[in-house]
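Take a look at the structure set out below.
Letters are used for the chains, namely A, B and C, taken in the order the chains are written, and counting of residues starts over at 1 for each.
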Amino acid sequence: MFEQIFESVRQKSPLVHCITNYVTVNDCANMLLACGGSPIMADDPGDAVEITSICGGLTINIGTLNQRTIPAMLAAGKRANELGHPVVLDPVGAGASTLRTDTALRLLKEVKFAVIRGNISEIKTLASGSGTTKGVDADVADRVTEDNLDGAVSFVKELARRIGAVIAVTGAIDIVADEERAFCIRNGRPEMSSITGTGCQLSALTAAFVTANPDQSLEAAAAAVCAMGLCGEVAYKRMTGLDGNASYRNYIIDAMYRLTPAELEKGANYEMR
Amino acid sequence: MFEQIFESVRQKSPLVHCITNYVTVNDCANMLLACGGSPIMADDPGDAVEITSICGGLTINIGTLNQRTIPAMLAAGKRANELGHPVVLDPVGAGASTLRTDTALRLLKEVKFAVIRGNISEIKTLASGSGTTKGVDADVADRVTEDNLDGAVSFVKELARRIGAVIAVTGAIDIVADEERAFCIRNGRPEMSSITGTGCQLSALTAAFVTANPDQSLEAAAAAVCAMGLCGEVAYKRMTGLDGNASYRNYIIDAMYRLTPAELEKGANYEMR
Amino acid sequence: MFEQIFESVRQKSPLVHCITNYVTVNDCANMLLACGGSPIMADDPGDAVEITSICGGLTINIGTLNQRTIPAMLAAGKRANELGHPVVLDPVGAGASTLRTDTALRLLKEVKFAVIRGNISEIKTLASGSGTTKGVDADVADRVTEDNLDGAVSFVKELARRIGAVIAVTGAIDIVADEERAFCIRNGRPEMSSITGTGCQLSALTAAFVTANPDQSLEAAAAAVCAMGLCGEVAYKRMTGLDGNASYRNYIIDAMYRLTPAELEKGANYEMR
């Protein structure tokens, strides 16, 4: 299944509009190119709506949001909805400040998302309306483990039902779910958290996968999460004793560039719950 | 000829003010340093004019333009003109949105450019006042090929005459022309388009080359285009079966850092039309 | 001593709020992660104060400052002061434009800094209220050499006394001083200046070191400067004849990721004056 989904990304080369933070934007662009997609960035209210119109999908990432870009996020999101383009939300730091929490909640209210991808603390903030995010990383108390996995899956399915979107919670174990089915994914490496922006890159990647596979949002999102984790594994094997997080960042994007649909099918490590 | 031009960049170490998009700005800075130049970025209207004044050249790149940076582009461009500093325009995405098209046309009207560098769709948009750019990439229908090269050269020369600037159209075959002479350049690799920002980097590089060689804008722009393509070739040879677009990006900048003027002279692959 | 200071960074994993320029922000984030810290970026006045509140330290870098981010710098700096969080200032380009000089001076007046890190021209601008910075690099006439080192040390100590902050002047020889003691540091490589943002990265790193060692600002800042320089040395040894400034950038961050506290203790090259 993931083979066909990734093949579709490579064939269709989806053009993805990214309204995303300036910390990791270059890596998001190169990750989109690596998977076979094509990125375009525009975050001014006077530009974002038209740019969304010429794209196939949109990703909204609220890291480094500001008073100029928030209206662009809302307007582009609504336009993408009108056009039937899938929209992905990355609620970076929701729970860490009022502006981020409020913006994420307002986006949820005014824009229909195909997929929401965040860490468990950010997703809990969306569910409850307030949060305890430790900066842009998940709070240790929130983390999904083998012991609390069933409870986490139920929580994510219920939130997916309530919001009407696929929810992707990423961490040591990733959960990608709609209201009925959950992919529990065990790809990836803990060292990926020592690179800035692997989450942002994954959100951009997810937008490309869902844009190329609009009738299979759940499977496409799960495929993107498996692909990112698998590239983290492949890239880790390449590291020498001199390499650190900077080279690891490059190797992960390189691995996506080289990844074949058949390798994704074979390397995807998940179970359904 | 290109040997002396590049030698001049290395000796003069031109300080180049870049008003450029935040997607690829870091690579533009490192590319400028790699060629022997020095970058400085300032995009607030209250800062850009003074920063331009202490520099030798200016590059204006309209990717991720916004309501704050557009006045900075105009004001810095006019100040550079007053000071006789060469100005390079990169009309990223002209034709893809009204704001980008209008801003590019307004810049053309109010600022005198030494060189304009873009893909064929962006350049056609400048010529006609409207366009069909597919995002930030050239439309397939527009592409310069061996079959339509003579027609494309005539179009570029005529536009150069009309605007009074050197025009650099980059793609599989690059055309760098003023109203009388055209360099048709066959350096480069198709894989360069899988890296975000090789065009932006080339525009910054062009500004450094023209700043260091103010009386030879055409030759300097052509030398920059050859140098970028040649570095793409050199870097490609370095790639292993594990490397992808992220490592390729680094290797191209590395190649510029190592490139000698004599190697550029020898490796430049062009004909005059 | 530096061993314990670096050990403390690794153990406490300080969360550092960075209001920093968009040119080098990604490298700053990865450098913070490499040293064991954690980055978060927020530069909107409506977000920055709250984000500062959940962090342990703050770094303010005025490169690419604008009318929106300047109020965020001032407000976040004051809030960090109220909370007793260490604040680091990187006055990028002070002396190069009125806006940069005035903003740096205003920040000095309204915010209490633990450490100020800049090149000699930027620091002289802070001392005199005006300057002759050549872009973002130090003016050759200002450079600290073995011949003028004693005079420079006196100048830095006097400025540290006057401002009430640790002053770190980086260049071929680095001086890190409070009003009584100066570390004169000879780690580093001249090739580091061919990478954009090594100074910005060092300022972010310094914030992590000082945040984790709040009672030893001088020693922590000196340790950060030694660590950065040492990583420049380690990374340089790794370079092949094909590597240039792009790979060197990655290798330096990699080296920080791999550096142990014992290696820092052993490799730090300084004398007290």
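Criterion: contacts are C-beta pairs under 8 Å (C-beta built on N, C-alpha and C of every residue); 3 or more make two chains touch, one makes a residue touch a chain.
What you see is a predicted model, and the numbers here were worked out from it, not measured in a lab.
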Based on which chains touch which, is the overall arrangement a line, ring, star, complete graph, or other?
complete
Proportion of interface numbers common to chain A and chain B (over half same, under half different):
different
Approximately how many whole Å separate the CA-defined centres of chain A and chain B?
33
Sequence positions of chain A contacting 2 or more other chains:
22, 26, 68, 249-250
Show me the residue ranges of chain C that touch chain B in the complex, using the header's touch definition.
21-24, 26-27, 63-68, 93, 96-100, 134-137, 194-197, 241-247, 249-250
Under the touch definition given earlier, write down the residues of chain B that touch chain C in their complex.
15, 22, 25-26, 29-30, 33-34, 38-44, 46-47, 50-51, 54-55, 68, 238, 249-258
